[in-house]
Amino acid sequence: MVTYIIRRLIGALLMLAVVSMVTFSIFFVVPRLAGVTATDFANRYVGRAATQETVVEVAKKLGLNDPVVVQYGRWVKGIFVGSEFDYGSGVEHCPAPCFGYSFVTKKPVWPDLLDRLPVTLSLAVGASIIWLLAGVAVGVLSALKRGSLFDRGAMIVALSGVSLPPFFTGLIALSLFSYGLRITAPGGAYTPFSENPAEWAYNLILPWLTLAFLNAAAYARLTRAGMLETMGEDYIRTARAKGLKESTVITKHGLRAALTPIVTIFGLDVGILLGGAILTENVFSLPGLGKYATGAIAAQDLPKIMGFTMLAAFFIVMANLIVDLLYAVVDPRVRLA
Amino acid sequence: MKKRTLVVAASGAALALALSACGGGDSTTTPTGEAAPAASAPAGPTGFNAGLDAVTNPSDKKGGVLKMAVTEDWDSVDPGDTYYGMSWNLLRIYGRPLVTYNPAPGAKGRELVPDLAESLGVASDGSKTWTYKLRAGLKYEDGTPITSKDVKYAVLRQLDKTTYVNGPTYFNDWLDLPKDFESVYKTPDVNTDQAIETPDDQTIVFHLNKPYAGFDNFAALPATVPIPQAKDTGIKYRDHVLASGPYKFDKVEQGKLYTLVRNDQWDQATDPIRKALPDSYEITLGVQGDDLDNRIISGDLHVDIAGSGVQPAAIASVQQDPELNARADNPIAARTWYISLNPDVAPFDNIECRKAVLFAADRTSLQTAYGGQLAGDVATSLMPPGIGGWQKIETYPSAGSDEAKAKTALTACGQPNGFETTMTFRSDRPKEQAAAESMQQSLAKVGIKLTLKGFPTSEYFTAYAGKPSYMKENKIGLATNGWGADWNDGFGFLSQIIDSRTIREAGNYNLGIKDPAVDALVDQAFAELDTAKRDALWGQADAKVMEGAYVLPAVYAKGLLLRGKGVTNQFITGAFDMYDYLALGVE
Amino acid sequence: MTAPLDVSSEETKATPEAVVSGLGGAKAIQGRSLGQIAWMRLKQDKVALAGAGVVIFLVLVAIFAPVIVGWFGHPPNEFHQEMIDTMTMRPKGGSGISSEFLFGVEPQNGRDLFSRVVYGARISLLIAFFATMLSVLIGTVMGIVAGYFGGWVDAVISRLMDIFLAFPILVFALALVGVLGQFEMQLGVQGDTLRILLLIFVIGFFNWGYIARIIRGQTLSLREREFVDAARSLGARGPYILFREILPNLIAPILIYATLLVPANVLFEAALSFLGVGIQPPTATWGAMLSAATKYYTVPHFMIFPGMAIFITVLAFNLFGDGLRDALDPKSNR
């Protein structure tokens, strides 16, 4: 087991390294190939009133003329020991872990990311609880009452749910509940849970529901399919034949087996979500990681995009790792694979 | 450069809206709602546009929290590093420039009054030397006295445009700086007395490299807000701005929240212009635009700092609801939205082809694109009507288009069947996108085929539309553009956008005005000491630009602003064309 | 497409007889190909057929957009500001819906919403189809190669899949379109063509991981099957086995996942357009229309029509895809 964990950990780290290299090349190599020069990059760090000499000088000081490999090495080094950025008007220190220094806001990226994380975390945790509970409950009920009016209705709603983009449902919800009826928050605001839990929930309820609706629909479909499959298995028949109560058969034998794949997918979904619910955050103007990312992209603020991508990839890789490890605990065969 | 407008990312980059900043005094259009009777009730005038020329809800009552909000952050609260009109207006509650604008409604708000200085500047040496004496008893929030050396340091400090990238460059261009001076950080030991002298702690003397009779306008720039060298932390200073005004920063959470409380070291006796009514200010940043409007409507917030008008959704409510309509003001701003024509690219090197565009563009459609009648009046020249020397130029249509004349011009240009060209716009500004689409539609009617190209605001001027080499290489003939006055006279509006000698490698708002006749008029205006004659010269320069058909003016911007519930002394100042933030109080 | 389906009759997992008798419609028991069986099952699935009908309708709408708009609408980019109240910027009468403007007009510029929704179908479907083809192409090749050759080839490709699955795809696509979109000169194309190619590439390129994983799994199991062994023992070599023996058996899963990938890509394209990096104005896309509608939340028709267009398209593909899966994969039960 220990060797398995170590192997997986090393794999995860390698994966992050590769993701960072690919990301770095896309933002720093592709533009180079297309003819963007070091001074063009430097232009982003200096003001509009800078003279050409200043730009060239800053490009040199920031090492933008160095080979990309050297620049990448410097970036990685910054994560572990921090870096210094010299704009020619004083040195800016970016303490470890330094995931870059934004030339637009003149701030290190990492504290910004940490600052946005609680918003995304609140959104992801709240929404995922809602969709997991709602999706599984509806899925199980549908499977048990297969063919009933409830089943058909639920499946129609679920299929619609997976076919609706969150930026459409979110908009409709906003104009109905926030601007029309004025019973929910109009978005844009976030209150930390520690400050005022009620306001925290009030501000997040609509984004939670929008995001949960989309995923609950998918989970209901998955759960239903899973339940139908397991309830048809031989061991369920055996359990029934033993004279166990139907409720025990469903919960102890049916549900447990049907839920294993759901939990796997759940882990991965939450991992992806932690990296920023880009669409939901943008529709509701929530100041989370996803909004941060779209803002950075609009401003072509490469250090921010880099930092964000790494954090998002980190969450996905971690979610994969955790799911794999849990699997290994549950099913010993996996370790040997 | 120009005083910037705030861009609101309503929800996501794509949804950003352009808000115009500065505005100008008198509005001529009255929307559907009834204008209020001009009766002088004891509580001051009320009703639509009441805040344009009078103080609404006047009161001297002190106390309360003034709640302000803005959809996004602005560039910086550091007085040496900001170029937003709203920021210039607001920073005067915590910082005192040498000179500032009279907190009074309408045109009176454009008058300059001494602030840190005892009186307006005293000129000598044919307006090349300007002397100011500081008031006695001035102190920072920490109790240390404010000296003229701090003012000098503050002005010199912000000349370093690689650190303070945002502010204007007037002092860089006009001060008689020694050749070997680079910045206060790189060359701290260079003697700068030839540019600014401080013979004693109360006196400061500016030496210019050419005469300028309106130097008080420079002295009113935020750059003259004093900063003691010992407290300067470079770019980080914005986290700890040292107050010289009646309020000091309490909480500073960049991008989220600022709170300001009373500065007990500020002495009312040294300050004849500030009433300092509220006990504190609460400034929330990043409020969603529609939410912000709704909260001002309900009274939960007092002021939208951006001062450029409500979002499209609220525009309809303001017109339909008489109660809201009575709380609204619709000032015209000292800002023009225009479209630059690029004479570097064929066939715009031919004046007739430029004229064809000016005749073919549908002005009414453009006005609608920029937000309709409440968002702007059709422009006939670059310079907005609130500025001295303005004249209406009737060469081109001021409603609809003139296709016949456009076709004549096309024939004269040798392109009777039209031509193809490209137009850029700021992709995150729906109004500019609509303007570009409108141009595409109306020019197509005379055979001019436009290809549209959007670029993000953040790089629009530095990498694309403001970079002549890019525009030339990519054969881009037209570009949406906008400019607001740094202060409301011909110099403050025109000097940076029509003088060909200010065109740099990148970051230009002037693309095609490269006319020796215009440059000559600019020089004449710089040298002219008489205000009326100077204004007339700027008016002539404006006319000359239109004669050359270098730009297509679209609209003179207006904003639909809402007065807050329970806010006292709210009025539009002619200096910034938004509510004056020095005078406000709460009931 | 139908030819390869017929090839695999001997190797189908389910016995045709059982299926046919299950359907009860067959007069006599006879050998049927998987394709025939699938078609029979599909014919029974009314919901899937409805989905297919809508899909065909949408494709026709997209192809004949100019004709339809010529009959029932106005050119999609044409301004109709006479329909707009210039004080409020809203359409006169709220929405402007009339026999002349079936879906009403856009606020501010008065463009015909019907025409724009119809033209939006072109962009949406074009990008979704080609991006799907790209993903399927990459995914199938990668999956087969990894599954068939195994060993280090499999290890490398599997890692690559993991990496692609670990990317925050939406952000990446956003950033990439932003970066690449600036190099019109170097890429040699511009305008809508550039954007469409870019979106097809970005959407297609990042979505092959999932399909590759499925194909790899299928190939792994097929590789060990008797008929492959038989072919091998008869002296067939790698390419022959890959393309003549294994690939035909993969047609079913490829078809299923391709059909289900199309709606996902429709949503992806809409999301990119919504976030402002899709096709540039004035060309109509559903996502960009929704994005513009956010400013006018008091004008409901502006968001309803493009939103419903996305919904109906995605739903139709999902219904059809579900039905196709049930028909082609007898093991799956609903």
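Per-chain numbering from 1; labels A, B and C assigned in written order.
What we mean here is this: a residue touches a chain if its C-beta (ideal position, glycine included) is under 8 Å from a C-beta of that chain, and two chains touch if they have at least 3 such contacts.
Nothing here was measured: the structure is a model prediction, and the numbers come from that model.
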Distance-to-centre winner among chains (Cα means, whole assembly as reference): A
Between A-C and A-B, the pair with more C-beta contacts: A-C
Between chain C and chain B, distance of the C-alpha-averaged centres to the nearest whole Å: 48
Centroid spacing, where centroids are CA-atom means, of chain A and chain B in whole angstrom: 40
Mean-CA-position distance for chain C and chain A (Å): 24
Junction residues of chain B, two or more chains touched: 10-13, 15, 290, 313, 428
Multi-chain contact sites of chain C, meaning residues that touch two or more partners: 185, 274-277, 291, 294, 297-298
Touching two or more other chains - residue numbers and ranges from chain A: 179, 282-283, 294, 297-298, 300
Sites on chain B touched by chain C in the complex: 10-15, 17, 31-32, 290, 311-313, 315-317, 319, 364-365, 367-369, 371-374, 427-428, 430, 433-434, 436-438, 440-441, 451-454, 473-474
Chain A-touching residues of chain C, taken from the complex the two chains share: 159, 162-163, 165-168, 170-172, 174-176, 178-180, 182-183, 185-186, 263, 267, 270-271, 274-277, 287, 290-291, 293-294, 297-298, 300, 303, 307, 310-311, 314-315, 318-319, 322, 333-334
Residues of chain B defined as touching chain A within the complex: 1, 9-13, 15-16, 160-166, 169, 172, 183, 185-186, 234-235, 254, 286-288, 290-291, 294, 313, 428, 456, 458-459, 461-463, 505-507
Residues of chain A that touch chain B when the two form their complex: 40, 43-44, 46-50, 52, 54, 58, 87-90, 92, 104, 106-107, 179, 186-189, 282-285, 287, 291, 294-295, 297-301
Sites on chain C touched by chain B in the complex: 77-79, 81, 84, 86-90, 107-109, 184-185, 190-191, 274-277, 280-282, 288, 291-292, 294-298
